[in-house]
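What follows is a set of structures for review.
In what comes next, subunit A is part of two complexes: it sits with subunit B in the first one and with subunit C in the second one.
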Partner chain A sequence: MTTTKSQPSQARRERFARLGQYALHTVLVIFFLFPLLFLFVSALKGDELQLLKDMGSLNAFVPYGDISLKNFSHVISGSNFKTAFFNSLLTVSLTVILGVLINSMLAYALARFKFKGRDFLLSVIVALIIIPFEAIAVPLLLLVNELPWVNGEIGWLDSYHVQIIPFIAHAFSIYLFYQFFIALPKDLEEAALMDGANRLRIYWSIVMPLSKPVIATVAVLQFLSRWGDLLWPVMAVRGDTFATLPLAMQSFFGQYPRHWGDVMAFAAMATLPTLMIFVIFQRWFVRSAVSSGIKG
Partner chain B sequence: MSTAVTHAPAGKPGKRSAPIKGRFTPWFFAAPGLLLLLVFLVLPFVLALVLSFTDQRLVTNEELGTDFVALRNYVRLFEDDSFWAALRNNFYFVAVVTPLQSALALVLALLVNQKLAGARIFRTIYFMPVATTMAVVAVIWSLLYAPDQGVINRFVGLITFGMVGPHDWLREPGLVMPAVMLLSIWQGVGFQMLVFLAGLQSIPLDLYEAAKLDGATVKQQFLYITLPMLKNTTIFVLITTTIYAFQLYTQAQIIASSGASAPIDSFRTMVMLMVHEGFRNGKIGYASGISVVFFVIVLAFSMLQRVLLKEERAVQ
Partner chain C sequence: MASVTMRNIRKVYDNTVEVIKGVDLEVQDGEFMVFVGPSGCGKSTMMRMIAGLEDITDGELLIGDRVANDLPPVDRGVAMVFQSYALYPHMTVAENMGFGLKLAGSSKAEIAEIVGKAAEILHITNLLDRRPKALSGGQRQRVAIGRAIVRKPGVFLFDEPLSNLDANLRVQMRVELTKLHKELGSTMIYVTHDQTEAMTMGDRIAVFNRGIVEQVGPPMELYHNPVNTFVAEFLGSPKMNLLPIKWTRNGDEACIEVGGCTIPWNGNGHGPLGSVSDDLLLGVRPEHFDVFDSGDTNGSIAAKVEVAERLGDIVLLYLKVPGIEQTLAVKVPEEGHLWQRGATVTLRPRDKTAMLFTKAGPRVS
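Now for the complex of A and B:
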C-alpha cells in the first residue's frame, strides 16, 4: 500500500484534518445550542432587569443571580398554560392514535386486497400528497363551520374535534404504511388465513405488531407537525378554552406589559415535551427523516 | 358501508361466506380513511377552486347571498399591492433559504458522517432545533434580535468591529426578512442533514475503495463519487425545502403578533395574507383565489421534482 516514508506524514495530515473537523463542530455546536441555552437560562432568571441587562454580554448564557422557578410558577398560575398544555396533549395524541389506526387500515386494504378501483385509489392518494394543508385551510374553515355535530349543533369551530378529525386521514402516512406493507412477507398472514383467522384479526395481531418501525415513523412525523401547528388554531379556535400551546404562546407573547422571564418560561415548558420525546426516541426521528426522503 | 359483513362470519369461514367476505372486507378497512380524505381533503380542495370564482364570505349575508363573479377575485388579486408584496416576500425567502439551508445541510451531513468520536452527539445537537416547536423558536429569536443591547446586535457588532448596528432587526423593513430567514434555517436544517446523511450512507463503500486504489484524492472522491451519487437526494432536498419555504407562516405570524414589528407588507407571506383575508376579513372567495395561486406554485415545483427524478431513473 503506502510506503513507510509517507506514513508518518499521512498520519499527521489525518490528525490535522481531525482537528479541523473538531474546530468546525465547535462553531456549529455553539450556533445550534446558544438559542436553546439562552431560552432555559433566561427562563430561570427571576429578576427581569438582570435578564435584560445580561443580554449585552455572555452573562445571557450564565445562570446566576436570582435563579429560581419563579417565572415557571407565574406562568402556571397566572396564564392559561395548563389548559393549553392539556389541549395540545389531548388533540395531538388523539390525532396521532386515530391516524395510525385509520391510515394503516386503508393502506392494508390497498396492499393486501385485490378489488375494483384499487389502482385508481392508490394513484389518487399518491396525488393527494402534493396538496399542502395551507392550500385548503380557508375552504376547510368554511366547511367545518357548516358541519353538524352529534349534539345537533351546527358548526365545529372552537372545539376539540375541529382540531382532531380533519387531521386523522393523512395521504403521506397512508403511502408510508402502504410501502411498508407491500414489503412485508405474506407467509404468516396466509397461514393464519388457512387457520381460519379473519382479516381484522390478522391485521391487528399479525400485521400491526410487525409494523412498529413504520408506526413510529408516522407517529413521530404527525406528532411534530400537529404539536407545532399555529395556522389552524388561529382560524378555528377563538377563546382560551380550546387553544393549544402555539396559539396560547402567541397570545401570551403578544400581551403587554411583556415580562420576558415569564415568556421564556412559557416557551421552555411548551417545547420541553417535544425535546424530551426527541431525546428518548432519537432513533425513530432519524428513521422518519430518512423515510420522508423515499417520497420522491 | 357494509361493516356488518365482516363481523357476521365469526369463527371459521364457511365455503359460502368466503367470496362475500372477500368482496366487502377491503371496503371495511378502507372506508373510514377514504371518507375522511374525501370530506377533509378532496372536498375543500375542490371548494377552493369553486369558491375562488365567487364572492363567498365567511358569515353569509342572507340578503346578498353568494354570487358567481368569474375572474374578479383573480383580477383584484393581481391589482393588490399586498398580494405582490407577499409573493415577493415568499420568493425572496425561497431564493435565500433553499440554497443556503441545503448547502449547510450537506456540510453538516458530511461532517457527522466522518468516523469521529462524538459524531453521534453532534448529530443529535444539530437536530435539536427541529424538535423545538416553531412558535417557541420565533419567540426565542425575537428576544435575541432585541434592539440595542440584544445578543445578535452585540455579536454583529463584535465581528464587524462595531461597523454594523445596532439594528432593530424586527422593525426595519429591510431586515425583518433576513431575520426570519436566519431563524428558519437554524430550526430546519437538521432535518435535511438527516436526509443527506441517509443518501451518503447508501453510497456503496467499494466505490471509494476502488477510487483509493486508483489513487484518487479525497477531493476527487468527493467530486466524482459523492456528489454524483447524491444527485437524487439533492434534487429531493432542494425541491422539498422550496415547498416548505413557500408554506412559511408560523414564525412570521408570531413576529407579526409581537406588537412591535416592521410594516406588515415587508414580511407578510402568501399564507399569512390568505389567513388575514379569509379569516380576519371574512373574504373566503378572495382568500380561495390566493390558495389556488399558492397551490399552483407548489404543484409546479412538485412536478419539476417528479420530472427531474424520473429522467434520472430512466437514464439508470
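Now for the complex of A and C:
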C-alpha cells in the first residue's frame, strides 16, 4: 500500500524537479543568447533611425523592416576591417599553434622528466596563473621596447611579433597540459621506448595524439583570450598596419557620426570566428574542462 | 635468441630503499624462466631492469655476451609485453604492431609482411584494421604479444600478462604462450605472482622474496625440494602445512611429537635426530596426508574436521589439531564420504613426503 501511494507523489516530485531544471536552462539560454541575437539583428537593420528607436523595446530582438547586408558592406568597404581581421587571424593562430606546442613540451618535461628544480618550476608556474596580465602589462611593454629583433632593430613595438611572442608561454595552459599528462598511463610511453622511440618521438607520436581534448581546451582558451584582447594592442600597436580587430573596432566605434548598424555589423563579424571555433571544438572542450576540473 | 646473465644486481631507490639486494641468475638461451613471488618482492623491478626501463644501481647485466647495463631499451634486443597491454589507443592493430618496425626504418611493404606473419601465428589477421578499444581482453593480449614478436627479439619479457584476463581465458592463453615458446624457441622471462602459472609454464622458476632469489630450479624440483619455508609455502595450493614439532625417541627410533601424538619420523624411524634442535616445523603438503575416519591415534595425528570444500574431483578438508593454532589443509580424492563438521579423523603423513624446517625458515637436510 505504502509503495502504491508513494509512487505517484515521487513521480510528481520528479516532474517538478525537471520543470525547474528546464526553467533554469531557459533563463540561462536567454541570458547568454539574447545579447547575440540583439547584435546580429541590429547588424542586419539597414535603417539607422529604426534601429535607434527599437533599442528601447523588445523590437531590438526582432528582425523586421529594412533587413539587408548593407551595414556589412559598409564596414568592409569603409573601414580597416579586412586588414584587422587578417592581423587578428595571423597573430592569434600563430600564438595558439606555437602556444600548444611549447606549453605542452614544457608540461611534458615537468610531468615525465626528473631534473633539479622541477618542483620549484612547477610551483612558479602555478603561482603565475593568479597574476593578472594587467599587473605585468607595463613592465612587459618596457621590456619589449628594449628587445632586439632579427633585423637588428631595437624594440618590438608596432609589429606582429610583439603581439605573438609574449603570449606563447601561458602558465594556465602549461598547468592544464601537465595535469593531463600525469594522468596518461606510463606504460604506453614505456612500450614506445621499447619500440625504439626517443622522448621527442614519444611526445609527438604517442602523447600528443592522445591529448586532443586538452589541446582543444588550451586552443579555445588561448584563442578567446587573444582574439578579444584590447589592452595589449592599445599599448603596443600604433596605426592600422598591425592593428587587430578589437583595436580596429575601437577606432571605428570612435568615428563620428557613429552608425550603430555599422558598429553592430563590425562586432558581429568579429564575433563569428569565436563562435565557430567554440562550436567546432565544443565536444572536446567540455570533456577536457570536466576532466581537468576547470570552470568555464 | 640470447641468454640473460645477472651478476650481483642491486637496485636502490633514492639512496635508501633497496628493492633488489644482489641477484645472481642465469637465464639460458631459449629457456622459459618464470620470476615468481608476492607483491613487492622485486620481480617486476628486476624485469624492468632487464628491459632497460629502470637503471641498475650495481652489478652487471649481460644479454647474450654484451654488457647491457647502459644500453637503451631498443638496443638490448628485448621486447616486453605489459600487464596493461599498453596498446596505443589511437593506432590500429597493424599500426600498433608495426610501430617499432616503422621507427627502425623498415619499408611499408616489409612492415606489412612481418605484421601479417605475426598476425597469422596469433590468429588475429581479421583484427588488423581495428583499434584497441574494439578488441576483447584476450585479443588485446594477442596484439601485445604480436607487437613483441614482430621485432624478433632475442629475449621476450612478460610482465604479468594474464592477470587482467578472466579465469577461462587465462588458462587458454597460458597454454598458447607455452606453445608459442615452443614454436619460436626464444628466451622468455615471465613475471607472475600466480604460482599456477609459474608451475605450468616455466622451464625453471626463480622464487623472489624481499629483493633476493630464494631458489631457482625446475618447477617440480622446487615443489618437492624447497630450500626453505617461503618457497615451500609459496608453491602449491593450498600451501604446505607447517606444524610445530618436537623430536623424541622411541627406543632406537626417531619420532616426532605433533599435536600430542607421537609418530615415527618419515615412517621408517630413522632421521637426523642428533643433528637438529627441537625448534622445528614439519612440512607436509595437503595431498601427502592419508586420512582415516577414526581409530587408534598411535603413530597418527588426531584432528577434527572444520570445513570440507568439495571441488568435484577432490575434497579439501580444513582440520584442527589440538594444541596447534593453525588449521591444516588436506586434499583427498572425492569418494562420496560425508566429512561432517566436528568429526574426528586421524592423519598420517605418507612415507618420505614430510620435510623438516627450522622455525627461522631453512630446510633441515
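Throughout what follows, the second predicted complex is superposed on the first by the 249 of 296 C-alpha atoms of A that agree within 3 Å, B and C clash if a C-alpha of one lies under 4 Å from a C-alpha of the other, contacts with A are read in each partner's own complex, and residues count from 1 in each chain.
By definition in this document, a contact is a pair of C-beta atoms (placed from the backbone, for glycine too) under 8 Å apart; a residue touches a chain by one contact, two chains touch by 3 or more.
Computed from a predicted structure; not experimentally measured.
When the two structures are aligned on the shared chain, A:187 is found in touch with subunit C, with no touch to subunit B. Contacts of A:196 after superposition: both subunit B and subunit C are touched.
Contacts of A:109 after superposition on the shared chain: subunit B is touched, whereas subunit C is not.
Contacts of A:50 after superposition on the shared chain: neither subunit B nor subunit C is touched. When the two complexes are overlaid, the chain among subunit B and subunit C that reaches more residues of subunit A is B.
When the two structures are aligned on the shared chain, A:209 is found in touch with subunit C, with no touch to subunit B. Across the superposed pair, subunit B and subunit C both touch subunit A at residues 196. For subunit C in complex with subunit A, the residues that touch the partner chain are 51-53, 72-74, 78-80, 82-84, 86-90, 99-100, 103-104, 147, 151. The residues of subunit A lying in touch with subunit C in their complex are 185, 187-188, 190-197, 201, 205-206, 209-210. Residues of subunit A touching subunit B in their complex: 18, 21-22, 24-25, 28-29, 31-36, 38-39, 42, 52-53, 55-57, 60, 102-103, 105-106, 108-110, 113, 115, 118, 121, 125, 128, 130-132, 134-143, 145, 165-169, 171, 174, 196, 198-200, 203, 224, 227-231, 234-235, 245-246, 249-251, 253-254, 256, 260, 263-264, 267-268, 270-271, 274-275, 277-279, 282, 285-286, 289-290, 292-293, 295-296. On subunit B, the positions that touch subunit A within their shared complex are 6, 9-13, 21-23, 25-30, 32-34, 36-37, 39-45, 47-48, 51, 56, 58, 108, 111, 114, 116, 118, 122, 124-137, 139-144, 146, 149-151, 154, 186, 190-191, 194-195, 198-199, 232-233, 235-236, 240, 243, 247, 249-250, 253-254, 257-259, 271, 274-275, 278-279, 284, 287-288, 290-292, 294-295, 298-299, 302, 305-306, 309.
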